[in-house]
Structure formats: C-alpha cells, structure tokens
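One chain, subunit A, links the two complexes that follow: it is found with subunit B in the first and with subunit C in the second.
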Partner chain A sequence: MNERKIRVVVAKPGLDGHDRGAKIIARALRDAGSEVIYTGLRQTPEQIVDTVIQEDADAVGISILSGAHTFYFNRIIELLRERGAGDVIIFGGGVIPDSDIPALLEAGAGAIFGPGTPTSVCVKWLEEAVAKKRAEE
Partner chain B sequence: MEKLLEKALAGDIRSIARIISLIENDTPEKDELLKRIYPLSGRAMVLGITGSPGAGKSTLTDKVIESFRRRGKKVAVIAVDPSSPFSGGAILADRIRMQRHTGDPGVYIRSMGTRGSLGGLSRGAKESLILLDACGYDVIIIETVGVGQSEVDIIKIADTVCVVLVPGMGDDIQIMKAGIMEIANVFAINKADKPGVDRVAAEVRLMLDLVKDRSWTPPVHLTVAEDGTGVEELVDSLVAHGVFLKENPDGVRREWRRLAFEVEAVLLQSLTRLAEREWSAHRTDEVMNLLLSRRTNPYAVAEDVLRKILPCDRADRGATEEEDSPDVAANDG
Partner chain C sequence: MNKEYMEAKARYESGVAKSLQKHKERKEVFATGGGIPLERLYGPEVCGDSDYMREIGFPGEYPFTRGVQSTMYRGRFWTMRQYAGFASAEESNERYRYLLASGTTGLSVAFDLPTQIGFDSDDPMAQGECGKVGVAIDSLKDMEILFDQIPLDKVSTSMTINAPASVLLAMYICVGEKQGVPMSDLSGTIQNDILKEYIARGTYIFPPKPSMRLITDIFEFCSRHVPKWNTISISGYHIREAGSTAAQEVAFTLADGIAYVEAARSKGLDPNVFGERLSFFFNAHNDFLEEVAKFRAARRMWAKLMKERFGVTNPKAQMLRFHTQTGGSTLTAQQPENNIVRVTMQALASVLGGTQSLHTNSMDEALALPSEKSVMIALRTQQIIANESGVTNTVDPLAGSYAIESLTDEIEKKAFEYIQQIDEMGGMLVAIEKGYVQKHIQDSAYEYQRSVESKQAVVVGVNQYKIEESNKDMKLLSVDASVGERQIKKLADLRRSRDNIAVNNALDAIQAAAADESRNLMPLIIDAVRAYATEGEICGVLRRVFGEYTENIVL
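Then we have the complex of A and B:
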C-alpha cells in the first residue's frame, strides 16, 4: 500500500487578484510532501466546494485579501456541510483582522494564519489536523 | 465499501472521489473492487491528450470538454501532473484552466500526481478510469503530464490519442524522431496564431505521408485553444477515430494490445510488490556494505532476492526477461 498523501485544495475566492501568498503556501505544502490542488484566482464558494469534493481533499486552504473573509468562510463551511463534506479541514490566511478571527474559528475554521506566519507553522498544523481527522475516520 | 460502491455507481460524486483515492493509495481491497466493477466498464470513449509542457493541453482539454458537453456527453477528466522526486508532493494545477466546468454535474475532474510512475501517467489514472467508465461517463479524458519525447504510456490505456504540438519547438528532425510522434491518432497543432505554425503542420503531414498502407491516417488540426478555434473539427476527428476503431479490424487488434498491456500492468504491479517486500527483508547493512566495497554486485544481489520469490531454476531466466519492453506499433489506428 502506498503512503496516504495529504490532499489539500488551495483556493482564492472572490475578486482580489493577489495570489503570491497562496502560491507560497502551496509550494511549502508541496515540499512537505502534500498533493496541492490549486484552483487559480476568482473562484466562487460553489466552485471551491465542488473542487474539494471532486478531488477528495482532506483540507482546503483559503487565501483572502479583499476583506470579504467572513462571508466567504461562512459560505464555504455551510456548503461543505450541505454536501456532506463537513469533515473537511478548513484553514486560511491573508489580510484578516485579529478581531474577526474568533468568529471564523467559531464558525468552523480550523486555523487562521496572518501575514508573517512561517510556512513551517502552517505545514505542521495541517499535518497534525489531518492525522487527527484520519484517526477519527 | 459495499455502500460506497453502490453510491458511486448511482452517481454520488463524493463516493466516486473516495474510491479513486482508495485506488490511488493502492489499498488492499483495491483488486477485489476493480474485479467487481470491471464488467460494468467498457462503454466509455477513453481519450488521451499528451504533449510537451506548456503546449496548451489543459486549455485544449477545457474546450474539448465544452464540445462534448454540447454533444450531450458526460465527461470525466483525469489530469496528471508530476510528483516531486524528492518530497513526493505535487502542485496539481491543470484544473485551473477547466474550473468553469465545476458545478456542471455532467463533468468530473480529478487531479493526480505521478507518484513515481514514469511514462507520463500514474498507476492510479489507469485504474480509476475503469471506475469512471462503470459510473457512466461517456467520455474519459486523460491529460498526461507535460512529456518529452518518449513518455508514451498513454497508448496503453487510451482508445484515441491526441498529441498536442506547438510552433517553435525544433526542426523537422524532431518530427522524424521515434516516440511520441508515432502514437498520435490525431494531431493538434496548438497556438496556431503564432508564427511558424504552417511549417510544423507541413512537416507533420510530410512525416505522415511517408507511411504507406495504413487504415487510419492521423488528421492534423490547427487549433487556438485559448479562443476555441479549430476545436470542433478536432473533436469531430476524435469521434471519427472512435467509430473507426469499432468498424475496422485494426480496432480489435488495438483493443487486444491494450488488454494485454492491462494484464501486464497488473502482473508487473504484483511482482513489484513481491520484489519490494523480499528486497526490503534482504537489505541489511551487511549487504549494503558489500555492495559499497564492490565485493558483490547489484546483479548477484538481485538474483539472490529473485531466488526467494521464484522456484530456483526459474530465477535466472526471470532476471534476464524482466526488462522486456512492450512493443509499440506505429500509427496503426
């Protein structure tokens, strides 16, 4: 049996066109041995959730710099639950004010990584979260 | 597992995706599962799209999906990108060009890493298409990794192979070379709005003219995947090749060859598993040090391992025959 890889979708919802951050995290996850499915820019929550389901991803990382993070996180979490994929791990990053983070975590996001977070921190967090999720399967 | 399969066959996307992961991960129940769904497969048209990195395979695939959807077909895509030889990770980004089809229930797109396979595909890709076929997709498109000259595994699983070329990739000698140029059933010369496209088309046609006595001559299409120019005609040719395979004796011959490849692949996979298990049991520091100091050699060590797997008198023959590469016949439909 092959080693079971972590499959993670990295997505850019909404209209902001800056994906340097998303690409850096995608690259870091790749170098840590994960299979990273990158959606490209300007995705709707529906497209992101369809991608997560079609790709059988363990997790989805969302990068938002537009300020619309509360809407997008909530919508994506809601859609995943509707589609029977509420077990998928959600994390994110971008320009997200500290004051908004508790509500996102409350809604179901696993972690929010702000600017300046070392990629190794995200990678380690994701590896542990996926291991925990698989243990519960 | 039973329930998962039932739901997948009823069209539940999450279940299909789950089973593909089981296949990709080579789980122990995989063989049993594939045995069960195999009789339900065999209806889909399996289409391979291959070509060098950046030739426009994903963009072209996107337009080909669109065309098949207009023709009322359900389409599944397996898009393969390379896995890192170092970390084993991968960036799977082919679907960026196809994202507008997510949300269409008649389209399923799955990205895969090569996970160590050479030849432009992954083992998971070959086996997943049996599932997708059984689940009722009419057309299954396999997009290979960006290939060089000799990654031709796609002919082992596809009914019809489309090779994508672009202008400016070298002179006519490149087109004369063996390998990928020989496996096309249909050529797409993409980025046809770029200079040099007529020359490439002429050189490909010239190459094709040199082969006599064949029942199918690969059509050469000029396409601009970006805006869809030439894609309808390309898809017409792909469909025509499918019809040709059904009606021509060469089609049956090709199907035989493909099925033989399938058996070989399963055999090799089982043997590889055995060999890996024996070798990891045999691989001690002592053996490695003997090898390092050249007091023994890889051939002798391999023979020892082989003797544990095979009856004694068979081991030597096995050692010399294992590297037999399958015969790839040129452009015979």
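Then we have the complex of A and C:
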C-alpha cells in the first residue's frame, strides 16, 4: 500500500498577527513531504475546524503568540469533538508559558512546542503521531 | 595610499598567509547576520573614493549620517520609552505611573488586539483577547482612566495604533481637552503605518486605498492643529521581527515612507511641511556592527530621498528621526537571564546609531508579557548605558571606523537595490499586492531558521550551551481573565448612560464624509469620540463604507 502523505492544517486563530512561526513550520512540514494547508490570519475556531474537516486533515497545528492560547485551544478541541473529528491530532506553539502547558495537554493537545524548538523536532513528532494514529485505524 | 602603507599591507598579508597555513580561521566565509560578507581587515582604502562632505558630513546637517542633532546626547539623552499596557485602563495607568516614577521619560501605549483591529470588547471577535497583549480601550471613558493623573502637557506619548489611529488620536485629544491642555500643546506619536501591517504585523482593517486616505487626513489635520505630533512612525521593527535582514528592514521601511510621501503629495500636501512630522521605528538585533551601520545608512538614505526625489529643502523634513526597540525575536525562552545581555548589546548599538528614543525589551518576553521586575531591569539597562558607559559624551563615536563606514555604504547599496526593484514594479502598494515584499522576508526568515538548525548560527542556550531547565517557577505576568467581562459591563453602562442621539448623529456624519474623499475625517471622529461613541462603533461605520482588507497569503 502506498503511504498516504500527511495532511496538516496550520492555523492562526484569533486576532494575533505574528505569522513568522506558523509560516516557517508550514514550510518545514511541506519540505518534509507533508501536504500543508495554511489558513492565514484571523481565523475563528469555527473557520479552523471547517478547514480541518473539509481538507480531511490528519492534524492541525495552532500558532498563538497573543496569550489567548487557553481559550483557543479549548474551543477548537471542543468543536472538533462536536463535529466528530475528535481523532484529529492537535499540536501548537507560540508564546506559551510552561505552567499553562499541562492543562492544554490534558484538554487534548498532543504537543506544545515552545520558542527555539527546531522544526525537525516538530516534523518528527508529527510523523510519529500520524503513523501511530493510522496504525490504530 | 602611500608606499609605506602599501608595503606594510603586503607584509601583513603575507603574515596572514603563513598563519593560515598553520591555523585555519573559524569559518571559510565571515558575514554579518544579514549575509553581508566581512573582510578580515578594513583599512583606509575603504574610504578611498568616498566624499566625506557628501556621504558623512556633520551631525545636524545633511545627509545626517552622523546624527540629527548637532550635540546629540551631550545635549540630552534619548527618550527612554518603555512599551507597556495590559488588562484594563486601571491596571495600565498604575504601570505608567510606576514607570514615570522610575525615570522613564515618555509613555508608550500597547493596546490589546481588539482595540488595534477596531472591535469593542463585547464583539464576538474579541473573545479571549481582551487585555492580553495590551490595554483594552473601548471609549473615551477608558482613555480618561488610562491617563488619570498623568498631565498630557508634561509627557510625550507614543501609541502603537495603526488602522484605527484616527480614533485613538481623537481620544487623546479629548483627554487633553478635559485636562485643559489644547491640542496644539500635545506631543507624541501614533504609529499609523498601515503598509507594514499588510506586510508583517497583521492588524489591518480596511483596504489600502481608504487606509492611505485616513493616514493623509491625519497628516493634514495635525499639521494645522497638532503641530508637535508625530503623525506616523514608519516601522521597520515588525518587518525585521518577521524575519527580514537588516538591509531589507531599511529598504522596505523607506519604500513604505516613499509611498506615504507620494500619497500625501497627491493630496496636495507639502512635504516640506508634513515631512517634519514623519518619524521612523527600527529594530536593534544582535549583529552589533551591522546594526550601528544600519541606523546610519537609513538616516543618510532618507535625507537623499527627501532631497533628491521629493525636492525637500527644509532640513527638518530631510531628517530621519527614529525610535528603536530591541529585537523581540532574538530573545530566548531558554536561560532567559541571558536576554539581559542581548538587550544591552542591542540597546548600545541603537545608541551608537543615534536613536531618538528607545524601548529595551524585558528578559521574560519570550514567555509572557513582562513582569514589573524585568521591566525595571530593562529600563535600568538604558540608564546604565546613558550614565555609565561614556558613549554619550561624544557625538557618533564610531564614525570613521573603516568597518562601520564600509558596512554603512554596503547597507545603503543593498537597500537602494531593493527600492529600485520596488519602484520598477510600480511602488510599494503593488509590491505588497504581488507578495514581493512578504516573499523576501519569509525567505530570509526560513534561511535563518535553517542556519540555526544546522548550527551555522549559534544561539546561546538554544542550539549550544544548553541546560536542563523549566520556566515554571518564574514569576510571569498573567492577565486576569475577568478583564473581558469587566469591559463588557463598562460598555453596557456607557451605552445606557450616554446621549445616544448625539452618538448616532456623529456616526452618521462620519459615514457621509467617509464616502466623500474631499472631506477630512479627523474633526468628525473627534466629535464622535467626545460624544462617547465607541471605537468599535466608529470603525464599524468605516468598515461599512470602506470594506475590509483580506490577506494575500504568501507561503
């Protein structure tokens, strides 16, 4: 069987305009062979979840540097579950203090990558997470 | 060059060749952070053809390479201006008064994202964002609290506000009125630079054309009524944060500047007049020599552009005056105390580059908004440079350094090449529309990321000299989640208690004038603000007339 390419949505929720990290991770994932859908700025959680479902994505990466991470992660996770897409892998990064990370992981995020994380670490993590998920399907 | 020099140089070179046979240098090629190759040694020949009077000159004189004032920091230090604001007007007012008591000499207001994008705190789009990256301001009521007990005739205030700059400036003018300070006495800056929002920062609202009109309305209004106000701060800061090189930062910022001058000229405004109130905002990153050279090159280039391209004869309108902020993206979440050292170097580069005002970042900014303690260290860093380092005692002390002058020329050359390409495309608006600028910035950002991952670029504590650590125990500032609810309640009270007929009339007047390009919107926006129309209501009316910008995604 041919291995399907990983399909991943990279999303910028809310009003935050810092897109350097999102664009770098999108490009690194693409260079590593994934199909990347980048949403652009100012996405509501509803728009992001629509994109994930329409694109039949394996995963969604969320980038937030505005401090609104707890609100947006929780809302996106909740909406994905409501719409029967609770198995989509969620990861993210940005300016997120260590003390907020356990609650995000508890809520259903697979990994949070802080500033300074090499893109290769995110790419490898995602490849393993998708492989594991597909093996379970 | 004389014979003695040439002989000595040949001797040196042959010595180098011998030494290289024994010990290779650390790298094959040495370059600045922005990729400008660096020679092993710079000597007097770099100044060979350069005409001192044409390219360097005297401080306070064209082309201002050595600074915009004749005595620079011997007269007075730069304005120490720390960007601050969080939660609601009450908390931020307290932080400002703390900063003023600690010796800052100007205020710099950070607004939250809903305020920057023209949404009231009770708008669904504001959910989760109220008070997070700055202070939430919905109406004149909040602004009155923000500047409570801060006399507007005694401080200068910089406001990082772009798309809705007119509204926030109007609020500031109205607070002045209530304090008995006429607008002609107000001094400060609004960022008001929409082009870099499309390129790099993201807090746009309206499409380019009406946005340029709002900007030039402000130029016109302020040159008549608020003459001490800097009507724009043309910003390279965010372009650099998005990943550009130093030369691209200069190029794209000045290209934005050219677009504003052209827009104002086509409205019939005189660049000799409004040119005096244009100000700039640059970043300061780690590559010390390149940064010092960058500031000097930017000043010289702008003077040349204003004089040669726009025929400006007023020296004050040829001067590039600028604010600097140290580089947020250079700060590491790892071993955050190391950031104090980075900020010190960056701040020193901006001082040696001749900055007019400075914000030094706090060490914890890769983790959260700065805590009170880290803000104090950042401010003290400036005070130590100003009072203890001695670099403020003579003007432009690095001028004449062969390496600095050579890099200054090199940055100017590279930046003018970009500007020429942008001109050939039809100007900055076209270049942004085509994604040219965004693409160049992103390519530089990606290249830098790869050089960090391959360890070609060393970042201490991140890809070398790492330790096991956690920032869990650091005292970080966290914004109270109830700010949004408090703002929503304040808004409900306001909408009940104000004269809603007056508000609606003022909003209708804005709507009518927005559709007529010959009208200046500023006076009408001031009327609406004075009647306690909210920021979201005013921007809502403008959104209906102007429409909204949609991002041109470049990846």
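Annotations
Everything below uses one rule, namely that the second predicted complex is superposed on the first by the 134 of 137 C-alpha atoms of A that agree within 3 Å, B and C clash if a C-alpha of one lies under 4 Å from a C-alpha of the other, contacts with A are read in each partner's own complex, and residues count from 1 in each chain.
Operating definition for what follows: contacts are C-beta pairs under 8 Å (C-beta built on N, C-alpha and C of every residue); 3 or more make two chains touch, one makes a residue touch a chain.
These numbers come from a predicted model, not from an experiment.
After superposition on subunit A, the partners subunit B and subunit C are accommodated together without colliding. In the superposed pair of complexes, A:S34 makes contact with subunit B only, with no contact to subunit C. Subunit B and subunit C, viewed from the C-alpha centre of subunit A in the overlaid structures, lie at an angle of 100 degrees when rounded to the nearest 10. When the shared chain is aligned, subunit B comes close enough to touch A:E55, but subunit C does not.
With both structures placed on the common chain, the touch criterion links A:A26 to subunit B and to subunit C.
In the superposed pair of complexes, A:D87 makes contact with neither subunit B nor subunit C. Once chain A of one complex is fitted onto chain A of the other, the partner contacts of A:E128 are absent, as it touches neither subunit B nor subunit C. Taken over all C-alpha pairs, subunit B and subunit C come no nearer than 6 Å in the superposed arrangement.
In the superposition on chain A, the residues of subunit A contacted by subunit B and by subunit C overlap at 26-27, 36, 38, 40. Touching subunit C in their complex are the following residues of subunit A: 14-20, 23-24, 26-28, 36, 38, 40-42, 44, 66-68, 70-72, 75, 95, 97-99, 114-116, 118-120.
The part of subunit B that touches subunit A in the complex is made up of residues 13-14, 17-18, 20-21, 24-28, 83-84, 87-93, 95-96, 99, 102-103, 108-111, 113, 115. Residues 1-5, 7, 26-27, 29-40, 43, 46-47, 50-51, 53-56, 83-85 of subunit A are the ones that touch subunit B when the two sit in their complex.
On the subunit C side of its complex with subunit A, the touching residues are 113-114, 116-117, 119, 125-129, 132-133, 197, 201-203, 241-243, 329, 332-334, 366-369, 442, 445-446, 449, 452-453, 459, 462-463, 470-472, 474, 476, 478-479, 551, 553, 555.
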